[in-house]
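A short write-up of the structure that comes next.
By written order: A, B, C and D. Residues from 1 in each chain.
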């Protein structure tokens, strides 16, 4: 009866099956709510040619920025990048490709990927470079563009707490893209601060039902802050 | 006298009505939160997933899991809600946010806006700006009327890659408040001691000046 | 500073502005999680020619079934109907029109309506009567049909608790269609069991952020059970 | 001997693997939950928004806010999650549910299924059935092999309005277990003491019988 016990005890197990040229969907917004240990594991595995779908690409030496150091990323699908020098350099060298996607469209593409919706229409990006080459269609007199969904071979997710069934809750704004990422991976791996007993999470308060989750690992987190601002 | 950043922000804040949900972009727009009149309440939406953004934290309150869309540490106000990015942009795209205030490089007489990309410079991305201009009911653009070389940012047609088309209806610059309609900028208010001639001179797109143009009140 | 106080004290205020021929989106699944008092108010107002979008249409003498008694409903958009005699009779008489919509498509249409997505593709209903007359398009070799979103003049919602800002939580499976309905009304009215102080609901556990909600009213509920089944 | 409803349900339950997420339709499919082998665990999804459906409540546990997709009072198992209808069908449509078991009026050799509408009779609706057959990875249809007049329900082509096309791969009837592929029903198992001739006679669509056809084990 181990079928629903998704807890794994090593990062090697957590990311087993990841190979070159795969697509990874990653939760996180800036450095907030990122699966630090899973990223470190991907770095250690040395897989190359990755397509990474994530709102941002970390900073120099932290977050997804780590995967740039050994040129593991072939392509980023993001809404905002270039917060680090290595990124800019690889982009200008042509070693890295970027597909800029509006933030809301990116979130919706992940959700649609997980929800079996292959494409949807949105007004976002119509008439801009984002809309170029995409089908335009009017509904109620307003033009919209067609956007296709995104799925990944792996999804890497950072949650606050999970039980062994993979039910997850997120803490504060570390939620961000994580719930959508969790739905859109063929294999979804969640790194958490705490593993709790089934039943500890109230059923109606679970953000990510365990059905989306394949593996859960307990991590430790540095939680680096990108822009510390205080009230003074 | 051209307005300071703070004065632009003060004038922006006068646009808000009691009960408005407002998304403020980085820079001058964010400053507007400091000048919301005492007799009204607005609720700030931060597109990373927070409705009811509070002030910056004290040193003790700092929490890496609580940031705003500018990736700054922040707090949640009483009555806030926190949700995922798809939900956040459902709110925005679905037209539930009353006001978006954001900066721009250029705006034109059709209400199109360019704010995210200067060809030849490194492109960092549009973040949530395209969703915001496509979704908000009212958008206010705040910017200087002209760039540092004196070139107007209010054009007949934007020259830079667009963020959105036909979506801007109101502009608050360091010189004036303008409405965008019928393929023209309509001058509504001028900054204290700024002449209509100066505004005309710094507005490249068609400018309509009708009736008395009052000085801005703060 | 009353701008965010959405609490109203009478059902008349709660449904003010509802007129003949409007479209109402209603939460609920069967008789579970239905805004009983708002339905009673609509009955009392006597408005006619309504289009009601709801998974079901109640039963004889309860839930949306009450609106059939005075023939207030012109059209139902539902996935499953006919649990009451009056419904069948009006349907057969041609007094009532029904647009049958698969349950998942119905939920997604409401969500899309609230989220500014005018249309999406789904495999559900392809090749069936539901797909007739709808655009078919292949993605990755599989055919999908185009479904348009739904919005309403009013949304009527049943929540468990809400604060004056309109932040809502739902209880158990009484959640069902309510959160989507809440996003899809031009005017969204929520009837709740309990009004709590702002801050009592944990920000990350709120199911419906107050931005979607225009009015909140405290109701009392019969909570009739449709099929009582026990273990022994 | 044709199987009883309980025996069909028992045979269905043998299809499940440890760790499967399963959605069971009303009727025989629901009964299958009673026969899940002791050495495996499955988690039941109810499309009104419950993953981890438990047993029916005791008299004391009855709660009007806790029902299943059949609108029956129910309980939540330990480790259950509860969510809205859009999320529930995201799960289903997105292919996250491993098994769907549902009844049918007709199935044909292309794997199309008719289960919700008989022209001339009052149409109550498809509920979640169309989403379930479009979304689940594996679908098992349970039904009697023939109707009460002896007419086969396994056809060359469905005659009734469809619930879904080319989606059914496995059928468990009161007489047999069959796979649907290559435009034919492939006989896999027969009910105890049911002859292949009887199955042939009651299968209107193309039937392939290859090798030894074992009796079902329970």
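Methods note: contacts are C-beta pairs under 8 Å (C-beta built on N, C-alpha and C of every residue); 3 or more make two chains touch, one makes a residue touch a chain.
For clarity, every value in this text was computed on a predicted model and none was experimentally measured.
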Between C-D and A-D, the pair joined by more C-beta contacts: C-D
Inter-chain centre distance, chain A versus chain D - centres from mean C-alpha coordinates, in Å: 35
Chain centre separation in whole Å, for chain B relative to chain A (CA means): 29
Chain centre separation (chain B, chain D; CA means) in Å: 55
Where chain D touches two or more other chains, by residue: 50, 76, 82-83, 89-90, 92-93, 134-135
Residue list for chain A, restricted to those that touch at least two other chains: 108, 111, 115-117, 122-123, 170-172, 175, 203-204, 207
Touch-based graph of the chains, sorted into line, ring, star, complete or other: other
Touching pairs among all chains present in the structure: A-B, A-C, A-D, B-C, C-D
Complex contacts: residues of chain A adjacent to chain D: 1-4, 111, 113-117, 163-165, 167, 183, 198-199, 201, 203-204, 206, 209-212
Partner chain A, residues of chain C touching it in the complex: 108, 112, 115-123, 137, 139-140, 142, 144, 148, 169-172, 175, 203-205, 207
Residues of chain D touching chain C in the complex: 46-50, 55-59, 62-68, 70-74, 76, 82-86, 88-90, 92-93, 112, 117, 122-131, 134-135, 161-166
Residues of chain A touching chain B in the complex: 29-33, 55, 78-83, 88, 91-92, 98, 100, 102-108, 110-111, 122-130, 160, 170-180, 207, 223-232
Touching residues on chain B, where the partner in the complex is chain C: 17-21, 39-43, 45, 50-52, 76, 78-83, 87, 89-97, 134-135
